[in-house]
Amino acid sequence: MPESKPLVLAAPEPRTLELIFKPQKLEELHTRYEVLEVPADEVASMGREVLERVRYILGQPPIAEETLASMTALRSVLNVESNLIDNMPYEEIFRRGIHVLTTGAVFALPVAEMGLAMALNLARGIVSADNDFRAGCELWGGDGNSGSRTLSGSDVGIIGFGDLGKALRRLLEGFRCNIKVFDPWLPPSLLREHGVSPADLGEVLAESDFIFVVSSVTSENRGFLGSEEFASMRQGSVFILLSRADVVDFEALLDAVAAKQIVAASDVYPEEPMPLDHRVRTLDGFLRSAHRAGALDTAFREMGDMVLEDMALMDRGLPPVRCKRAERETARRMRSRPVDVN
Amino acid sequence: MPESKPLVLAAPEPRTLELIFKPQKLEELHTRYEVLEVPADEVASMGREVLERVRYILGQPPIAEETLASMTALRSVLNVESNLIDNMPYEEIFRRGIHVLTTGAVFALPVAEMGLAMALNLARGIVSADNDFRAGCELWGGDGNSGSRTLSGSDVGIIGFGDLGKALRRLLEGFRCNIKVFDPWLPPSLLREHGVSPADLGEVLAESDFIFVVSSVTSENRGFLGSEEFASMRQGSVFILLSRADVVDFEALLDAVAAKQIVAASDVYPEEPMPLDHRVRTLDGFLRSAHRAGALDTAFREMGDMVLEDMALMDRGLPPVRCKRAERETARRMRSRPVDVN
Amino acid sequence: MPESKPLVLAAPEPRTLELIFKPQKLEELHTRYEVLEVPADEVASMGREVLERVRYILGQPPIAEETLASMTALRSVLNVESNLIDNMPYEEIFRRGIHVLTTGAVFALPVAEMGLAMALNLARGIVSADNDFRAGCELWGGDGNSGSRTLSGSDVGIIGFGDLGKALRRLLEGFRCNIKVFDPWLPPSLLREHGVSPADLGEVLAESDFIFVVSSVTSENRGFLGSEEFASMRQGSVFILLSRADVVDFEALLDAVAAKQIVAASDVYPEEPMPLDHRVRTLDGFLRSAHRAGALDTAFREMGDMVLEDMALMDRGLPPVRCKRAERETARRMRSRPVDVN
Amino acid sequence: MPESKPLVLAAPEPRTLELIFKPQKLEELHTRYEVLEVPADEVASMGREVLERVRYILGQPPIAEETLASMTALRSVLNVESNLIDNMPYEEIFRRGIHVLTTGAVFALPVAEMGLAMALNLARGIVSADNDFRAGCELWGGDGNSGSRTLSGSDVGIIGFGDLGKALRRLLEGFRCNIKVFDPWLPPSLLREHGVSPADLGEVLAESDFIFVVSSVTSENRGFLGSEEFASMRQGSVFILLSRADVVDFEALLDAVAAKQIVAASDVYPEEPMPLDHRVRTLDGFLRSAHRAGALDTAFREMGDMVLEDMALMDRGLPPVRCKRAERETARRMRSRPVDVN
């Protein structure tokens, strides 16, 4: 009697179920649940007799108030796009205790690895050394190492300490760095428990050899890193931008690199792609990555694991613990644009 | 009465005292010791009244048997070049309990960082992604990630577990890899204590996603990695050569890369520099570094710290513990060529 | 204008503000807030003009529905007793998004240290060795070590993986144990991320040398460890009970110790104090602690720190992250009795 | 042809081969080597044709110069008692490059666990709490915790940083203590690499909540901890003596405990056993262990593993790395008395 299975409404655009579930896990999904896949914009027109059976929504289709009201069995919206759009009556969702879950944590580890790779690259001039070697003008031994430095034991600053900041800190364990963290949403004691020093923004900027920006963009922090901030950094320090371009004044960043105040790398840009004639494409001291830091197949596939684990808990009347819960207080403050491509 | 200070005979070629001591430490050296700097080839012609006062030799000048016999107060040869040449009567040196110390451990950390950087580079295609971005043909998001993978949680093989292998293992701590080590000079239990799995060479080659070669070249292991060994590796695995080119059949390595069996990076070469028309310069899937992995000023400067700490212990009649001691059994087996440039 | 400060209603019984705040923090509380201290049972009779100004409740006084309705500015109930009693309209509290926070995490570390101390004690027979030494009948060296064993490298089972289980795992880091965890409220992947192996209850019982019970008592797990479970444990294994006596069949536990099936320690008892003639008082192979594991002054004093940090976040419209949030799903399942004494 | 096997001369008194080898490892010993077991005092009278075939000595039998001269194939003395007696011509042994190895490292972990157990016991009053509970006069909850404290986050001092000190540091990892170490035989940088702060003796004594004494007794440090040193410690600090009684003025230690200046535990005593009427037997604030900290069967059995691993390396002409090597400089400075019983 398949009707007895709980109903999952799947509208994972721009993801697909095949992208986010390993084959075996997709099978598990279908074994445990009745799965109704629909285009996001057709949810509104579904019949009441279906809506009232929906236990989980997979994705973030637009949901009107009356649609939500019909979904009397709804326990959770599992948003696998993970950048919250304001297209549901969140206030009522929270009132009803429906969990709004996001799976962006899967990107933390690959992005953190990319960030570390960028830092080591800039610290050792790896790209230009390889290009010089190709061109036959490489410098050998110590002669090729002017400006080279180690990450181990250095002063590291991390701006933002969510999943990504935590993943980065873990990767840095073996490097025994002195890590300062600025995150205005977290209390000092919690940062200390992670073995990092709480600091204000000014300290992080002025006292770091390597700075990693991994904070979400919110209604309050757009462009909070501008020319003044870049000027306050240590001369020659390494600046890595991993989260969203909107948190920096991007032209000021490029100016600081052009002036050799800092070296920098970025995975994100104010426009994607950037114009073909933009100076970012040729600037020396700048390492470019085309928003590829997180988008690994292995990362997408972990989303399915997370979703299945939390649905199993919620099926038993327990709270979800694997995905991240959107919070009433902050859901509306987020300003990350949803992705068009995976 | 400056004569009362112990005498240090300094012949650190190709290093210089300024290279290996921070200014403050060089001052400490001169405060604690009488320092006699001589060209390496003039040691033989020094007078007996000087030789008999020498407590420490800094460097590895050629020493004849009769010169050694005159050095009745000699306690240690502190070889700051660190590749042992067979230019001293080592047998008698060991009989007399004179410590032969090397300072190569200072390179372990910068080389390990370079090795990790190379691994992350190849895993994420960072060099070609940056070059593509410069050229305006970059791929965005997941489209640019075919072949990309994470290091975290992967199977790692390390060949050789001296200072460099240990430094690499430490840097990998936060990545939670499954690490196999092949080192025929170390017993399994000691490897296990470092949290790695002892393995034979075949297992390391066949069961790793990333392979780091960090073993010294000895009289027994020249060219021990050849075409057969490369063929046994996982298709697409990442091979990083950090120690000495002589341990691999270099052409076989390039063949394996050209055939897309593996991707690879190397800091060392059979000839340095390599000919301008050598295929290594343009081979895709190969990342080039011109013997720069260890030669950082900060590394050289640590040598002085090590030397001063161990001399302080030996001054008090205690054994040295900071530098590495050459061993009677293995001193003659080493085949690393000494460096000409730092 | 002191009225402009947010109002805190303090009814921390059986705690006192002096117990839970360090003097300097108590001052900070009074500087930042207007603090109204009232006996718990007088909250109901407070006037509407006060109630509507209350931003935080410190404690868990009984709150009627109409009282709650009057508290229109209420953001959080900070329950410093930390065992939830069913004396508030929780459903409405959750609907309104008022955070119910508990501070029991302060006890995790001292209890975990006590648990580790108990395990090492039983593994080495420390109490009886000291008593024998006092009595002049001690055995020296290996003769005194029959039955002694090390914790390092052993198989450890942890039942329950909340704050206490996590604290215990952290203390065990240096011991390199093989740790299995049973916690039905957590998914396997989350346990693996903490470096422990998820296991079912049967495995934990049958395959451990040391078993720590640190799970809360809920409506579902009363007495889930009985004679059958004790019989399934390894002969001679060490059983440590740290959370609540109600999760075990206490007489069956004592029987298993009396039969020398296991050795055991407990900090909690079905009656506190236990009758003077109860066999628990003299049983060999049993280590007794009179509910003292967590009740350290330093632990109580940390509550104030937590509360102040989370109120600072909530003052800024941010969600609390330091205290533990009660969950809609599980708040009613908890069955720990509140304490009478601190 | 069994004569072709290398010859091991076994005189392990007071150990026995059965004590130090697991059954399977004893079999391996006999498979790989010809083993000649002799009473220690009969080595001198053995024939030259046997002596010249001896490759390894297992134990520390008295060896005369002429006996040594006959042992032309000798590569190593594997001293499984591990406290060096001056009963061999060590100078000539070292000249010949014969490795003198000790296996005392096997005791490091069990002794470190005992030390940690003692520290936690004294910090929480576990023995007296259990005795009070037996007697029906226990105090419940916080009432029983006057003087209780946690080890986590405290200031810890370690005196001596050999195998035992290092094992202790590792066990303390999860406790996140601030660890100061005094060891005059080690340079500061090496201590820092182990994550501890180098300190002089005065600092360690005056600035620690817990002090662990794990230094060997040498010709220079007998009784270096006396009444003045105990007076300099923090009031109420915890003092744990694990290595040798000779490093402290034992009566001064007991005085400091009697005066409630410190609390203390010891595994070692000036006389073993101590007289039945000695005050150490009844002193409050003192925890007694009868030299049992290291003497675990599992520890003894590890000796065989170590010995087999190092002999395998030496058989191949490689230096041993598993056992500890006696050093020319310090072999004669050691003053630990050999044990009579295991």
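Chains: A, B, C and D, in written order; residue numbering restarts at 1 for each.
As a convention for this text, contacts are C-beta pairs under 8 Å (C-beta built on N, C-alpha and C of every residue); 3 or more make two chains touch, one makes a residue touch a chain.
Being a predicted model, the structure only gives us computed values, none of them experimental.
Farthest chain from chain B, judged by C-alpha centroids: C. A separation of 34 Å divides the Cα centre of chain B from that of chain D. Rounded to a whole number, the gap between the C-alpha centres of chain A and chain D is 51 angstrom.
Shared interface positions of chain A, defined as residues touching 2 or more other chains, are absent. Taken as a graph of touching chains, this assembly forms a single closed ring in which every chain touches exactly two others. All chain pairs that count as touching, in label order, are A-B, A-C, B-D, C-D.
By the touch rule above, chain C contacts chain A in their complex via residues 94-97, 185-190, 305-306, 309-310, 312-313, 317-319, 321-322, 327-330.
Residue ranges of chain C in contact with chain D, taken from their complex: 109-110, 113-114, 116-118, 120-121, 123-124, 126-127, 129-134, 136, 138-145, 148-152, 170-175, 272-273, 276, 281-282, 287-292, 295-298, 300, 339, 341-342.
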